[in-house]
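Next come two complexes, and both contain chain A; in the first it sits with chain B, in the second with chain C.
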Partner chain A sequence: MSLDFLTLDFFGSVLGVALTLLVLSYLIRDHFLLRFLLYGYVGLMAGFAVVLAFNILYPSLILPILADPIGGITQLAIPLALCSLLFLKAFPRLSPLGNLSLAFLVGVGLAALIGGAIQGTLIPQIRATIQPFDIHRQATATEERLSGLVQGLLILLGTITTLAYFHFGARPQVRGGVRRAEWIESLSRIGQLLIAIALGLIFAGLLKAGFVALIERTQALLQFVITLQRGL
Partner chain B sequence: MRQPFLSLSFSTLITFLTGTVVLLGYFTDLPPLDGLRLRFLQWAVLLSAVALLVGVLNLARVHWSRFGEGISKALMSLAFFLGFFVALLAGGLLGIQNTVTRALVDFVIVPIEASLFVVILVVLIYALTRMVRKQLSAFNFAFLATVVLALLGSVPLPATQIPFFQGEDSPISYALRVLGTAGVRGLLIGIALGSAVTGLRVLFGLDRPSGE
Partner chain C sequence: METQRCPLCGQPNPPQAEVCQYCQARLRPLWADSSSAPSSPPDNQVAKRSLPPESGEPLPPGRLSGMRSQIGTEESAQAEHPPQGVPPSKGTLESEDWLEGLFSGSSEGQAEDIPAWLRSLRGDSADKAERVEEPPMHPLFSASQPSVFSQAPQSKLELEGVSPPGEGEIGSGIAQEERPVPPFEGLDTFALEGHSFPGEDKLDTSTPLTAKEASPKSSPAAPSAEEDWMSEIPPWLETLPGQEWVEEESPEKAAPPELLHAAVPPFIETEEELSEVEFPSWLDEAERSIEPQLDTLIESLSPQTTEPSMGEKTPEGGLPQATAPFQEEALIEIAGPLHGLRGVLPAEPLVAAQTRPPRPIAELLVTEKQRAQAELFLKLIEAEGKPIPPPPLKRAKPHSFWRILIFLVLLTTAAVGLVIPPFAATPQELSVAVFDAMQAVGQLPGDATVLLVVDMEGGNFAEIQATTNALLDQMMIKGAFFVLVSTHQEGVLQADRLLREVSRLNGHRYQPSSGWVNLGYLPGGATGIQALSESLVELLPYTVEGKAAWQQDRLKNIRSISDFDLILVITEDSTRARQWVEQLNGKYTASKLLFAVSAQVEPVLRPYYEANPRQVQSMLAGIRDGAIYETQAARPGWATRFWSAYLIVVLTGIALITLGSLVYSISGLGLQKSSPREGNL
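This part shows the complex of A and B:
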């Protein structure tokens, strides 16, 4: 069976326009059709998640066993056992048996998280912060080196004040209550402003992405209207 | 009191051992540990796929049970199963490269996701106006000013630029870049430190986020 490409394109565009209008109608009010659509969308995503999981498991776990049952099971005994135990989590009465696999998964996941945080974020960010102060750094001109140094100093101070905002070590006061040291309070006030600026930039980025989506949807709607006017 | 089949300490021990092996594999050059780390990571990928299947199975079970809870809930769950089987048919049987699957992505998933993003945009703008109306503290003012300046700095104008706002070397752009980098760097270092410490606490069994 072959689908006519133009027909598929036309009916697909009609469907796309209808779905766009349906989702945007949420801005007026929530209604049954929209909820029906969103439940269907969740189902679609769940279905694709199953396909994704199958595409991971089939070549690594199922195919080797189908190709060579004895050798495959011998070679993959541990992951097969762990996967089988974890699958028991789907059945409430047998669920505790899956704790072993879950413990393994949590252990590996945490180690990857710690390793990723240190190697992927902490070290590169600290290196980027101290790099402008590297005296052996090659620069084309003194002026450029100086501007880089000033920028680096500002970023270093900003980073320190931002981190000071998250310092929660407080001391008991004579008049009662607990309070952070005065100099940390002062630094953290500047840090709070820098966090506001950073979050503002992230928010502006989100808004820009939203505007891009709005333009793309408006363009699709207009394109559909133009196609209709031209008589397909 | 009845003890669970696998005691808590045994699970914690497994977590500690696997986590330590993977961590040592990350930070040392010992070939056996590195090989073991890679093998453990491969198994974790397989386990994640199984965990995904278990989660979807649980979701499907919940929706199946909703069929007996009134017409409205049953219809919603019907929509779920319709979407679910369409995705299984398209992604599983026809394949990702099939015309129908690609059409499903282009004409159903992309319009829904892009439209949801537009809804989010409206909600974000509404939240911003609410924040301004409610209280304009120094933090709020810095946040709002940054949003406005960053948006003004990225407005595409034909053959012209807004003075002081647009261009790599403009003062506003420079200030936002430097201050924003400082703030984001502080946040990233803070998040990384927090993640590492929390991860180590859970790894050593000092914290149990699952509440077991």
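This part shows the complex of A and C:
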């Protein structure tokens, strides 16, 4: 017996609505069905990760060796050795041998992150902060030049005050306690305000994304009800 | 200069010092040691070897009993061996010397200090005239001579805090009331030194005695030194009760004086012997008269009042009971040459004796407050050993009602926004970001190849779909070929789903292989992105289906990342968005890099977009930019459909947040006013 597309779509909609209601039932209380759903989702993703790993390892590591054992092993000796050492982390006695692979991964990862942050964020952003004060490179119109200057001042102020907030060079006071210099404290208050605004924006974006998800699920529920009314 | 060292701490002290300057230990004993004062008269030896009076026993201390036994030995020796022609034993000689020192008065200087009555005892005729004029005074009542009474010990009653009968009135009592003086056997002559008799100052030495007392007893002519003191009893002594012993005694020349017999009680070693001792009648009478008062006094005292500190006097004037341990310390020697003696001076000061204080004193010194504190302390100690059950966890009260209420409100508004006809028009103004995106898409060639990076989870699929719908639709219209890749595991599936949905909603016939290839998961995060930017073909040679990706016709010309006509990064994670910007910086033309992100990523990504020069060509953030794009492209889609519902839900959310903030602020102010101090604590 073969199922047509509409039937599969209908059962898919039913499954989607059921899972949606299960997730929404968390508002009332936690229950085993919801946990079953979450565990099922985690297991599904773990199985999918295994598939992904196989999809990566098989063409990159296994297949070359199967195709040309000598050449493949010669070519992939170092990655193969590192992978083998990483597998030793599963055995407590031999796990220190796997630190070599972890050190390689961490070192390469940090190098990529730091290098990318410096070249992709730090230098370009510093340049972008300085750029508005380069009057000769700005537009010739006076209004645009003034607008760029004001914008540059605001950006500079925001940058300095935000960095001042993260300045922790405090000194002990006579009355006791530790406090930063007064001028740094004043700047840090402005930076704190700007950081709060940025975090508020992020939260607002997160909230809007959630609202859109709610609307999409509501629309799916309504669509299912409408489908049921029309079909039945 | 000669110094004396403290026996306790060993520090040198001046020779005259009686107390150590460093540790306050007594350097000289309260009672002079016979060895330290060899020149002292022999009559003092008895007293010097005595101990402090023991209130518990009316008998002389043990060492005096030993002396008595020594005297008894002499008596027995004299009885067995007559003194004529037989050399006296050493003890006899000592006793004779002892007595000679009392009666001979060989020293001229000492003769001047000898009182008249003593000289009369010695038969000094030169003093007889003075004796007639001046009635002889008993040494007990003599102020100039260290009398027995002047150093009388504290009797039993006195040590118990009760004045002995006639205390302070002895002298006057004799003179004025002619009250019978207690016999000598009732006096503790063995412990007189070092204690001043309380009534000494009241002794009236000038009071003349009666004629009978004043008239001397018939004295034998030229008596010897040994028998003179026996025959020359002072007249006043004859009136004393108990004088019978003077007459009854048949004095033996070599025998010790009967006075010592009376003063030194028989040698007593056991309690049974102690119970057999007959006390003088006056002492029994005094004890019977005072005993009821003592009982009343003891019963009336509270525990605190019976616990005076050492050295304090009770309000009744008696000595404190702290003298009890001092009395108990007069122990009997149990070893050594002094075995059997009681009250032997210790070799070292008493302060150095590591004696444990008697328990009754320690208990009595505890006040009620201290007892309560001790009980509390004991309770604390006991409580430390007991396992303390952990306090019940205060679980956060689930705000189920409010959560459900808010959810229902939002759900209702979303449903209303979806059901009712659009009440608000989609945004018409063209933003710079949307314009740049449209311009970048518009510049794509007909057979463009687009690298589509989808790093998102399923929860944000709706927003991403609404944001990118028009953009992808325009690319599909252009006939772009998509190469999918993701640094998120779930993104591999979401990318495929996204293209299917966009194709289905906009009427395209995009299918895998013909419309896109999915290269799958890109591991390594930032490292993977960097590797992808440097060696694309070597890093991801196969599709998720296992086919050779770069062998397809649309991908034959692609060898590096710069060969793509456009790179579109779709993500809802700001970190991943930043990593893509950083790792592709300088390796790909910024004019070909587009971002379609969630609204929450916009604050992080916007500096890269607004930088000069730009690091990102364009950026579509959230459903608003998607709606603008759809409007500008005249291709209404998900964003347009959701726009009304989106607006009403956002407004409802803002209203709920504002209302909740107001309620929380008001309730917080109310709580702060109700308990201002709790807040400070």
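Note that in this section the second predicted complex is superposed on the first by the 221 of 232 C-alpha atoms of A that agree within 3 Å, B and C clash if a C-alpha of one lies under 4 Å from a C-alpha of the other, contacts with A are read in each partner's own complex, and residues count from 1 in each chain.
The rule is short, and it goes like this: a contact is a pair of C-beta atoms (placed from the backbone, for glycine too) under 8 Å apart; a residue touches a chain by one contact, two chains touch by 3 or more.
Not measured: the values here are computed from a predicted model.
Once the two complexes are laid over each other on the shared chain, residue contacts for A:8 go to chain B alone; chain C is not touched. Of the two partner chains placed around the shared chain by superposition, chain C is the only one that A:131 touches, whereas chain B remains out of contact.
Once the two complexes are laid over each other on the shared chain, residue contacts for A:59 go to chain C alone; chain B is not touched.
Once the two structures are overlaid, the count of chain A residues touched is higher for B than for its counterpart among chain B and chain C.
Touch criterion not met for A:77: it reaches neither chain B nor chain C. Shared-chain residue A:113: touches chain B and chain C both.
In the superposition on chain A, A:28 makes contact with chain C only, not with chain B. In the superposition on chain A, A:222 contacts chain C only, with no contact to chain B. In the overlay built on the shared chain, the residue A:103 is in contact with chain B alone; chain C does not reach it. Under the contact criterion defined above, the residues of chain A that touch both chain B in one complex and chain C in the other are 24, 27, 45, 48-49, 52, 56, 60, 108-109, 112-113, 117, 119, 121, 125, 128, 198, 201-209, 211, 213-214, 216-217. In the complex of the two chains, the chain C residues touching chain A come out as 398, 400, 403-404, 407, 410-411, 414-415, 417-419, 459-463, 466, 489-490, 492-493, 520-521, 523-527, 529-530, 541-542, 544, 546, 572, 574, 578-579, 581-586, 598-604, 607-608, 610-612, 615, 621-623, 642, 645-646, 649-650, 653.
Across the interface of their complex, chain C is touched by residues 24, 27-29, 45, 48-49, 52, 55-56, 59-60, 108-109, 112-113, 116-117, 119-121, 124-125, 127-128, 131-132, 198, 201-209, 211-219, 222 of chain A. Every residue of chain A that touches chain B in the complex is listed here, in rising order: 3, 5, 8, 12-13, 15-17, 19-20, 23-24, 26-27, 32, 35-37, 39-54, 56-57, 60-61, 78-79, 82-83, 86-87, 89-90, 96-97, 99-115, 117-119, 121-122, 125-126, 128-129, 151, 154-163, 165-166, 191-211, 213-214, 216-217, 220.
Note for the complex: chain B touches chain A at residues 4-6, 10-12, 14-23, 26-27, 40-60, 72, 75-77, 79-88, 91-92, 99-100, 103-104, 106-112, 114-122, 124-125, 128, 138-140, 142-147, 150-151, 154, 176, 178-193, 195-196, 199-200, 202-203.
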